[in-house]
Amino acid sequence: GGSSDEDGPIKFGMLAPLTGSEAAVGPFMKNGAQMAVDEINEAGGVLGRQIELDVQDEACDPVAAVAAANKVVSNGAVVSVGGYCSGATLPTLPVFEKANIPMLIPAANSEDLVNEGLKNVFMVNATGSQQADAAAKYIEKVGAKNVAIIDDTTSYSTDIAKATAELLKEKGVEVQSSSVTPGESDYSSAVNKALSITPDFIYWTGYFQEGGLILNQVRQAGYTNPYMVGDGSVSPTLIEIAGADVAEGALATMTQTPDTIKGAEDWIANYTEQFGSEPGPYSTQSYDAVRIAAHAIEEAGSTDGDKIIEALEAIDGFEIFSGPLKFTDRHTLSVGGFQILVVENGAFVLKDNLQ
Amino acid sequence: MAMLEFTDVDVHYGQVQALRGISLSVEEGEIVALLGNNGAGKSTTLSAASGLAHPSAGTITFNGKDISQGKPWDIVADGLVHVPEGRRIFSTLSVLENLQIGGFLVKDKTLINKRMKRVFELLPLLEQRKSQQGGTLSGGEQQMLAIGRALIAGPKMLMLDEPSMGLAPLIVTAVMEVIREVNEQGTTVLLVEQNARAALKVTHRGYVLENGVTTVTGTAAELINDPRIVEAYLGA
Amino acid sequence: MTERNVLLEVKDLKIQFGGVKAVDGLSFTVHEQEIVSVIGPNGAGKTSAFNCISGFYKPTSGNIILQGTDITGWRTANIAKAGIARTFQNLRLFPDLTVLDNVRAGMHLYGGQNFLDAILHTPRFKRNERFLTDEAHRWLDFVGYEGPRGVSVSNLAYGQQRLVEIARALARKTPLILLDEPGAGLNHGEKAQLLDLVRRIQALGMAVVLIEHDMGLVMEVSERIVVLNFGKEIADGLPADIKANPAVIEAYLGRDDDEEEAAQIAADATQFGIGTSAIRTQKPRKEGKE
Amino acid sequence: MLQLIWDGLFVGSFYALIALGYSMVYGIIKLLNFAHGDLYMLGAFIGFTTLTAMGGVTASMSIVALLITMMVSMLLTGGMGVFIERVAYRPLRNSPRLAVLITAVGASFTLEYSVAAIAGPNPRVFPIRLESDTLNFFGARITIAQLVLVGIAILLMVALNAYITRSSVGRAMRAIALDPKGALLMGINVNSVIARTFFIGSALAGAAGVMAGAYYGKIEFLMGFVIGLKAFTAAVIGGIGNIKGAMLGGMLLGLLEAFGSHFLGGEWRDVFTFSVLILFLSLKPTGILGERVTERV
Amino acid sequence: MFAKLKQQSFAGKASDGNPLTRLLNSKYMGWVGLGIALVAPLIIATNYALNIMTTALIFVLLAAGLNIVVGYCGLLDLGYVAFMAVGAYTAGIIAKSFELPLLFTVPAVMVMTILAGLIIGAPTLRLRSDYLAIVTLGFGEIIRITANNLTITGGPSGIYGIPGFSIGDLDLDQPVIFYYITAIVVSLLVLAAARLSKSRLGRAWRCIREDEDAAEAMGIHTYKVKLLAYIFGAVWGGLAGVLFAAHLSAVSPKSFVFLQSALILMAVVLGGMGNMKGVVVGAVFISLMPEIFRDLSEYRYVFFGLLLIVVMIIRPQGVWPTRNREPERMEDVMDAKIVQEARA
């Protein structure tokens, strides 16, 4: 890596889904990252040079993602700050590895990403098993005995669902797992199935689009107990889809977001001013990924891949939205894991930090 | 004024020229035969009149109206109806439905019923087979249906493309008889035939088409006695 | 003619569609190298009988025996393989294939190459393809086809397509060939050549079963004629007998008192060299009103 | 059990409504109109825009507003269907069938991503939502809204079926399907009949789009894709080209899915449905009501 | 014997045609294509370029395989990508669990894809056209969903970290080398498929495409011959799957969605069904299109869609359709050769 000219802008590559089934999230990531880039550039850049963001469409498709990865590499990126779909991000790992480009993956969070133990891969989002821990902990805490877990058959969602189910079963909780196909409107079959065990807790581990629909449909079917969603569903749109009254009281497992952090109002305001719309899922993580990368380059004093990786591993206490940053040996987040949010007055707010 | 008139008409299929400046006319009340070898352009002539193929040069008029570039449906509405080569029966529609389709442009139900009755008188077989799928009729039966279907439209002029093809001798006579009767009841007819002998028996006049142009024309009697025709189309 | 072996035997063949008994107890035999015509009114069941024999329809009952083997109900391809070739009443060529390829398709069962030969372009493959091409040309020459050969058949005029279809069937080199109305849509001169062609096919050693409505042609070329009506056989015999058979005249040829018709048949018959006492000159219709 | 059946039928009526358009278009020009599902999506977005434009009115008289919206949406999607036929399909009427399949996919991409470009890739939420009391029918939950929607769907389907089988235009449609050139010779204005078919089929999809938007609340630019495939499947199960078949096929598919996901789990549902479909077609190769085309040789 | 008049309209046309047509139909065009493929890396050798060119080549192989099924045999297959999935998963699973170089999995892949072709083909081939389409689509989905649900296939994240082609110290996975391997394999298979079409089997396929009943009357066992088309198509698809697995080093269900099948079909139709050269062009076009329009990001599919419509309307038979022409007479060809030789 590190092929940027010595005095031209430093290039940050970013893969995000701009088309395809996950197209909705792409712009949130892109804007979040752009915001960080603009802020850093305004403050004088990195190593005295400006940063340039190179966003390429991964379409949540492995082939497109590999092409996009090669494109950002060929364009001379020194770090990668993208990756939303785990399935599409996985095959890009060797591409970046060969080019010795550090990856700060802001969203994709399958354990598989770090299982290979590649030294250039860092995860800015918490992993699925961390999330499952949080979910199981909370479910146990509220004393639920009959839990229905619904996933959407994507790797992200089934990972969390399976891990949570296992943890709960160990604790003697009755768990019923079911799956739905994303992209549809009517989930009454899944709802019926979930309700057939008269659950006292439902956990949805997929994305906000289906999450909102299912929430609405379980409530219509007369279910009144807690309904919790995973981080892929934490979005104002979920509340809209479910309907504000219906969504009231819904829970979520989530890393910290601007909404839940005191003092982040300014950040939201800035974002909204700059892009004309509110931030959404993974705006903050993308923003942080850029900042972490810039910080590491500054620390390393170089755009050389190995040096950046060293600097990343050395980071301790750099403030990001999820708290002070330090990477574990596996290059995952060590602190600032998951907490529980609740919908109150039409917005997700902190309910329980699980400490 | 002729009912149907071709003046120097050319028709091309892509690069292939099928008609090369053809001129002919059919007077009201006549039965006119169009004879010619395979590929001479007989079917193309009918297609040009019915709007399926458009001339690249020349004009075609029907009752004085230029129909050279007309749409097939307008031409049918004007009263010029084409019974095509190969019959083109709607195979999964019943015989009755096929007949009804013939009256697509006729909005008056009683008129359709009246014509239907007449067709059944003329072609009793169709009444027996009313509900059979058109596509399962035998070749001869289909030909009957095709003619019957055209009659429901109440044509002023009927163009028939090889109606005797594949018909048993008795039926050929019967079909020719039907054609004659239709004509006698006031419908003008342009008849394309390979079976020149059968055709000339019922027609008033005829044209011979060769290679996209008309070469010989005359009354039926003249044609029957023309040695060129005898040799090529009738046999010694 | 000397005694010939039985080639095809159709026994009490029946096929029914819903209420329609298309073929209703048909029996006849065809000998080697024989020319048999099947005639009958439209809808009599001639084509249906062909379809049963060649395997396109499964007969409701009855037997079809080819060279001693009962082939009733066999798959079409297997019947074709057993030794029957046919043409269709409404041409069934492969429209987008060239004339030559259409005829080569008739030689599908010749073998002589496998797919590895083709992929590797082995000499064996090249030899075989050249052989097929030569054969195709030979058959096209045989039927007297004079049109272009390297173009799609869909570009050809109707008459040419008919010939290609016959060439394709002949190329199959079967002992029996079924021709369904090969003369339809041909004019007088063309029919004369068709007649000659049928005889030359016979001379090759094939038996021909012919469905045809042109009585001149039928009477001239057939050794034997089978007459169907309403799916039943009403006569089976020599042309001369058939012509005189009252049932046939009633059902198919037309009554004696139908002057014009009789005249035409007679005229046709004469013209193909069949003697008749009933020749009358035909009267063309008088010119119409004008 | 009853609940399963009802849920299946409810979803099935959406499938049926969309399958109808598929089947009609297929029936007449033998085209698998891949853009059809996207017309459903377009219908939903037009509905969204209309309702948003009506603003305050909607709150007070939601049913009336919804019916008006549905009319508007049916008109506009119908028009779009006609427009697509005119520019993307008609020029290829005499070309190989698969060529039109490709332009249909082209039209589908264009519709999807144009909507994404105009309305954004994010899901939108319908301004009004059909919420109503739940009836308890022998243990099955049935909402009034569901009943109303199924009622509308059945009404539309019955009307259409009568139109196709009884009217002379319907007969003309079938005639064109069998032999367009022959139809021309009968004096049928083939272009206008085909355009009319597209209008009706697309309008039905548009209606389904509005209904889905109002009932489920969420719409987004790819929402037509999955349901388009389902409708295609339903149309084939029923016997493609057959109107009643499309309805039956839609309902049956809905039921299959409901039972499949209940007994085998959602992740195996489509495997189950498609296996049944394949098995069924192996036994009855033309679908439930597909006509056996007796090709004479 | 019959009408002679047809001849003049064709006379002379069979052999000439305008120079462009003649050039396009020259048998050297295949070599030109191969030449372009071999020279390309010398002109643009960034990893990005190599990557998309390799992807394009694999796509070409897929289109060539589908062309056998759809273009030659006329069987509409909307689930073709299933064969690639079978190939890729078989290769991936075996290579990963036995730590084998991918090349050694090819025999197993062949067996599996032939089996897949048989399984998918057998029940479906009695169906005609569009019923076949939905059934193949169904099979495609069944295979994808099954892969998504099973553990042996790695579930939704699939299999990753698949070893490449490298054998021992021989590094065959460098982008350039891998590109050339792909180019050679794909060219050979494309050539083989093209040659098949001009053989007895190919002719039988085309007969079936044109008229199944008439084909039966020729003694062509349509069922077996169609099954063979499926099997050949499956093997080509499976081999494309092996290359795919090696190229991405990962296989996941996301790569085998219906849209992929639709895109391959588009390549075939757009290029010119049945004509291998056209299909190659179509495949290159379809696979490079999203990359060419990459900078339009979210708008690229709008353009892609419009372009598809425009291209098809301008060239309804495909960009480079089959031209059903062959020399009129062997003698003519021979004569021409003799004349040429005499001149030389």
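Note that the chains are named A, B, C, D and E in the order they appear, and that numbering of residues resets to 1 at the start of each chain.
We adopt the following convention: contacts are C-beta pairs under 8 Å (C-beta built on N, C-alpha and C of every residue); 3 or more make two chains touch, one makes a residue touch a chain.
On a predicted model such as this, the values are computed, not experimentally measured, just so you know.
K.L.:
Identify the chains in contact with subunit B as well as subunit E, in label order.
P.N.:
Chains touching both subunit B and subunit E: C, D.
K.L.:
If you tally contacting C-beta pairs, which pair wins, B-C or A-E?
P.N.:
B-C
K.L.:
As a test of understanding: of all chains, whose mean C-alpha position lies farthest from that of subunit E?
P.N.:
Centre of mass proxy via C-alpha means gives B as farthest from subunit E.
K.L.:
Centre to centre, by mean C-alpha position, how many angstrom separate subunit A and subunit C?
P.N.:
Once rounded, the distance between the two centres reads 75 Å.
K.L.:
Averaging only over C-alpha atoms, locate the centres of subunit C and subunit E and give their separation in whole Å.
P.N.:
41
K.L.:
With chain centres defined as C-alpha means, what is the inter-centre distance between subunit D and subunit E in Å?
P.N.:
33
K.L.:
Roughly how far is subunit B from subunit D, going centre to centre by Cα mean, in whole Å?
P.N.:
Taking the mean C-alpha position of each chain, the two centres sit 42 Å apart.
K.L.:
So which stretches of subunit D touch two or more other chains?
P.N.:
Where subunit D meets two or more other chains at a single residue, that happens at 113, 116, 121, 267, 270, 295-297.
K.L.:
Using the touch rule from the top of the page, what residues of subunit C touch 2 or more other chains?
P.N.:
Within subunit C, residues 47, 56, 88, 90, 92, 155, 157, 159-160, 186, 190 contact more than one other chain.
K.L.:
Quick check: what residues of subunit B touch more than one other chain, meaning two or more?
P.N.:
16, 37-39, 136
K.L.:
Can you name the residues of subunit A that touch subunit D in the complex?
P.N.:
Within the complex, subunit A touches subunit D at residues 19, 21, 23-24, 26-27, 153, 178-181, 183-186, 188-190, 192-193, 209, 212-213, 216, 220-222, 237, 240-243, 280.
K.L.:
Please give the residue numbers of subunit E that touch subunit C in the complex, ascending.
P.N.:
Interface residues on subunit E, with respect to subunit C: 1-4, 6-7, 10, 14, 192, 195-196, 198-204, 206-207, 209-211, 213-222, 322, 324-330.
K.L.:
Quick one: in the complex, what on subunit B touches subunit C?
P.N.:
16, 27, 29-31, 37-39, 86, 132, 136-141, 143, 162, 165-173, 180, 194, 196-198, 200-205, 219-221, 224, 232-236
K.L.:
Quick one: which bits of subunit C touch subunit E in the complex? Just the residue numbers, please.
P.N.:
Against subunit E, subunit C makes touches at 54-56, 75-78, 80-81, 85-86, 88, 92-98, 100-101, 104-106, 108-109, 111-113, 115, 117-119, 121, 125, 128-130, 133-134, 137, 143-152, 155-157, 159-160, 162-163, 168, 172, 186, 190, 193.
K.L.:
So in the complex, which bits of subunit B are touching subunit D?
P.N.:
50-52, 71-73, 76-77, 81-84, 88-93, 97, 100-102, 104-105, 133, 135-136, 149, 153
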